[in-house]
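First chain A sits with chain B, and in the next complex the same chain sits with chain C.
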Partner chain A sequence: METRPWLRTARARAQVRLWSIFGEPLWIIVNMGFPIFSSLAFSLLYLSIGAGSYVGFAVLGGVMVAFWGNVLWSMASNFNWDKQEGLFDIYLTSPASITALLVGMAAGGILATAPTAGIVTVLGWLLFHPVVSPSWPAVVLTFGLTLVALYALGMTLSSLYLVYGREAETMNNVIQEPVSMLSGMYFPSIGAFSPFPFALQVAASLIPLTIGMDALRKSLFFGQGVEGLWLDLFLLADLAVAMLIASAVSLDALERKGRRDGTISVRIR
Partner chain B sequence: MNPSSSNVSVEAQDLRREFKTKAEPVVALDGVSLRVREGEVFGVLGPNGAGKTTTIRILSTLLLPTSGSARVMGFDVASEPEKVRHVINMASGAEKAGYDFISAKRNLWFFSQLYGLAPSVAEERISELSEMLGLTKYLDRKFYALSTGYRQRATIARAFINDPKVVFLDEPTIGLDVMTARSIREFLRDQARKNGKTIMLATHNMAEVEAICDRVAIIDRGKIIASGTPESLKRSLGAPALVMEVSPPPKDFDFLTSVPGVKGFTSATDEERGLSNVQVVVESDRAAAAASESVGKQGLKVVASWRKEATLEEVFVALVGRGFKEREEQGGD
Partner chain C sequence: MLSFRSLFAAAWMGIQHDLAWTTPAASLLLDVVAPFASIMTVSIIYWFGASHGTTPFDPARLAYILVGATLYAHVAAYAWVPTAAIAEGKNLGVFPHIYITSRSTALYLAGRALSSFAISTTTSMLALCFAYFAVGGFLHEPVPLMITPLSVVLLAVALLVNIPGALGLGYLLGAYSLYASKFEWSLPGYVAGLLMIFSGAIFPTSTLPWPLSVAAAGLPFTQFIAAARDAVIAPGNLGGYGPSLLYCLAGGVIMLAAFLVVYLSAEKRARRDGVLDRRLA
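== the complex of A and B ==
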């Protein structure tokens, strides 16, 4: 695999995402709606039950739910849409690396979601003054690793959704809320304060977002440093690598199967 | 022209492709062999469902053959797809092939990057191709805002963005207005003549084949039933077709098949005028006279009749006994 064409492909795909999002300002506003309002709702809930010191959990949840929404709707479903429109054929008949396209899609997605995440943070800060006690190196490292693991999950889903065809959107609807709940987007879903039974916590830990959210809360609100979070970071890195490998392997297998069975590039029109 | 005497760009040997279905396997290609020379515009002509798209998909590495082999620029499409992909490109008239919310130019730039083109080379190619295809004025328009014709021009530009040696096109002018279709055909012909591109075109548009193809293979139910230059195929019919307007419209014209020298026919009914129009492919003038006579014997009146120079559709009719439309109604493959 040649490095320069790989990087050009990834960069171009990221660029397309940014042009698409920032070329249509209405999309930015639409994308902000859910994270802002869900964050607002949970913040108010914390305040109304007299747990105002935890309002930061809800603000953080709003930030991360923006990325999770982007992973689901603009990353996981993307190849399936591309397939329906005939774009996937173009990718496959070119020498471009499909993984490079996914990496570009992820990088573009992160950058395109950053304004939403930023606005949720600023609004949350201005409205609720959450109490933070950050260990910045740990916050930055955890946040970065969580995004990598989360978008790696998106890459894996993207390849799986190619198999499910038009049911991808239904799949998104099916998993969006359960994953938000299990991963503890707005409250701790694993550890001593989790409302879930142990078995469910173990299952939830397989979602990269769960470990990421937990580690982010520990580092941002309770000042835990990298040394105290090494297990979380190690697990996050493991999950990210596992997802990336799963994505590459499944795409490769899917392409071979598709060429054999004639299922890889079925167009709706 | 003998394809074996020149450099061969595309070569297929006994290609067969089956698709599994719940009922029984469907044979989409049944022993297709062909050779396309460098710099040639080669048409694969046939009704819908004949196997044209399957052929293109195998040659462009999207599909594996069930058996048989194919090579593009010397690379095996089944075992060396990565090498094939460096020297080809493809486009389909049915594809949307672009991101709606970015401009045509940015779309073309994106696709150029799939081939790793350096930015300056990509710019140059976009500007050159847009100029040739009359797209320059519309490059900054968002893709969704382009008319069907300009979107297809952009699609064709995309198919040449990497300066490919072989381009596979599937119904590239389907649904386009006459002027756009003509300008795309001229572009394709120039790319083959002046730049030595090999263009393989799957189409059911006979006018397109006659306008730009050096050679054509006629395909029906997964088999190539004839190939050669459009002129040689038409000449092979021997006599001009007989066209008759018949009143009242009969249930069918199947009685014509028993007339000696009749190779096949196509018919259509004009409800408004209360007439049937039947085109009969005949091997001689005597057969034409016999066909006309047989209509009278059925108690039908020949309102008007004339002879018509053969087109590729008549060649198809002569080979399978029916026209494209009837073949598609029969279920193609």
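== the complex of A and C ==
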């Protein structure tokens, strides 16, 4: 595989995503609605029950839910929309690598979601003054690895969604909230403070967000450094690699199946 | 002009659209998943916060949150259907077939909203049942809900009385969608987010700073959720149920009348401007 066309494809796809957001800044305001309001609502819930010291969990959840929403709606189901718009046919007939497109989409998605995450953070900090005790190297490393693993999950879902038509939207609606719940976006879902039985905690740990959120809380609010989080970081890295391999394999298999069955570029099913 | 036949046809189309893409039972069950998860999320946040905060855990408060989160999910699920019907209809070319008929599209939207109300009522009540048992199983906490024939009837009446307000909100969002072609999908998310904060769904509106707390308490949706709580949370508060319901009805009817006028004006203008059938308005 030549790397130059691959990188150019990824960069081009990332640029499209960035231009679509930063070319029309109203998109940033539009995208931040759900993360901000859910973060505000859960922060107020924590405050109303005398648990103000955990408000930071709600703010952090708002930040990460922005990325999760981006993965679901702008990664996983993107090929479905590309099919409807007729773009997917162009991808298929061009020499561009589909994996490179997905990587570019992910990179662009992360950068495009960053302003929303930043605004949620600033607003949460200004309104609620959450108490933090960060170990910054661990926070940065955990945050980065979580995003890599999360967008790798998005790439896997994207390849699976190639076989779906409009059901992709239903699938997104079905998995969005349960993943938020199981991954402990706003409360600890694994470990000593989890309400879930052990088996469910193990199952939830297969979602990259679960390990990522847990490690982010430990590093951001309880000051745990890299040395105390090595297992979480190791698991996150493992999940990221596993998801990338899974996405490559499923993409290849489903692309071939779609070509064989003649359904890969059917616009509306 | 009101036509029950058109209304029924639109509602039936909505049922087909929402349920017939797979088997109805599977579709209904899939629709239960999201509200169930969101109810569980809010309940667990309360359980976790109360277990580690300064206020002791209170089962009545858990029931308050459980019912509020359920009804919030219910309203959010069907109030945005007019927006989706227009946006998706324009995108897939269905909406032009509706607006060229002799009936106003407002009737079509009402039918779609009513079908969604029926589906959402079913799914949110199922989600509440599942969450009731899951909360008991995971959190090992009792939830003092009062399920009697009377309380079920009172809850059903409250659900029905909330329709005008939710439909009014749907018309307001729909008016925007007639013109928009980019941001209409996220507008309902904004409104749902605002409702989560201002409808007293998961915390009392008195938590909000003045004057937001007063404005929030005056919303028909807040009164609807309050009435439903009075009906189903033990020991019940029938004295508060009636006034809340009346307030919800009055506010809802005013909202419906006002926003229907807004929608009809937008529709008239959209016809004149020729944007009704444009995918990119």
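Just a few scattered comments:
Basically, the second predicted complex is superposed on the first by the 267 of 269 C-alpha atoms of A that agree within 3 Å, B and C clash if a C-alpha of one lies under 4 Å from a C-alpha of the other, contacts with A are read in each partner's own complex, and residues count from 1 in each chain.
Here is the rule we go by: a contact is a pair of C-beta atoms (placed from the backbone, for glycine too) under 8 Å apart; a residue touches a chain by one contact, two chains touch by 3 or more.
Worth saying up front: this structure is predicted, and the values here are computed from it rather than measured.
Applying the stated clash criterion after superposition on chain A shows that chain B and chain C can sit side by side. In the superposed model, A:262 lies in contact with chain B only, and not with chain C. The vertex angle at chain A, taken between the C-alpha centres of chain B and chain C once both structures are aligned on chain A, is 90 degrees to the nearest 10.
By the touch criterion defined above, A:93 reaches chain B but does not reach chain C.
Once chain A of one complex is fitted onto chain A of the other, the partner contacts of A:174 are limited to chain C, with no touch recorded for chain B.
Touch counts on chain A: comparing chain C and chain B, the chain ahead is C.
Once chain A of one complex is fitted onto chain A of the other, the partner contacts of A:133 are absent, as it touches neither chain B nor chain C. Once chain A of one complex is fitted onto chain A of the other, the partner contacts of A:15 are limited to chain B, with no touch recorded for chain C. Of the two partner chains placed by superposition, only chain C is touched by A:33; chain B is not.
Here's the short version: in the overlay, chain B gets within 6 Å of chain C at its closest Cα pair. Within chain A, the residues touching chain B in one complex and chain C in the other are 24. Listed in rising order, the residues of chain B touching chain A in the complex are 17, 19-20, 57, 60-64, 81-82, 85-86, 88-90, 92, 94-99, 101-102, 106, 109-111, 113-117, 142, 158, 162. Of all residues in chain A, those touching chain B in their complex are 2, 4-5, 8-9, 11-13, 15-16, 19-20, 23-24, 85-87, 89-96, 259-262, 264-265, 267, 269. For chain C in complex with chain A, the touching residues are 21-22, 30, 33-35, 37-38, 40-42, 44-50, 52-55, 61, 65, 91-92, 138-139, 182-183, 186, 189-190, 192-194, 196-197, 202-204, 207-208. Chain contact summary for the complex, chain A toward chain C: residues 24, 26-27, 30-31, 33-34, 36-38, 40-42, 44-54, 58, 84, 166-167, 170, 173-174, 176-178, 180-181, 185-188, 193, 195-197, 268.
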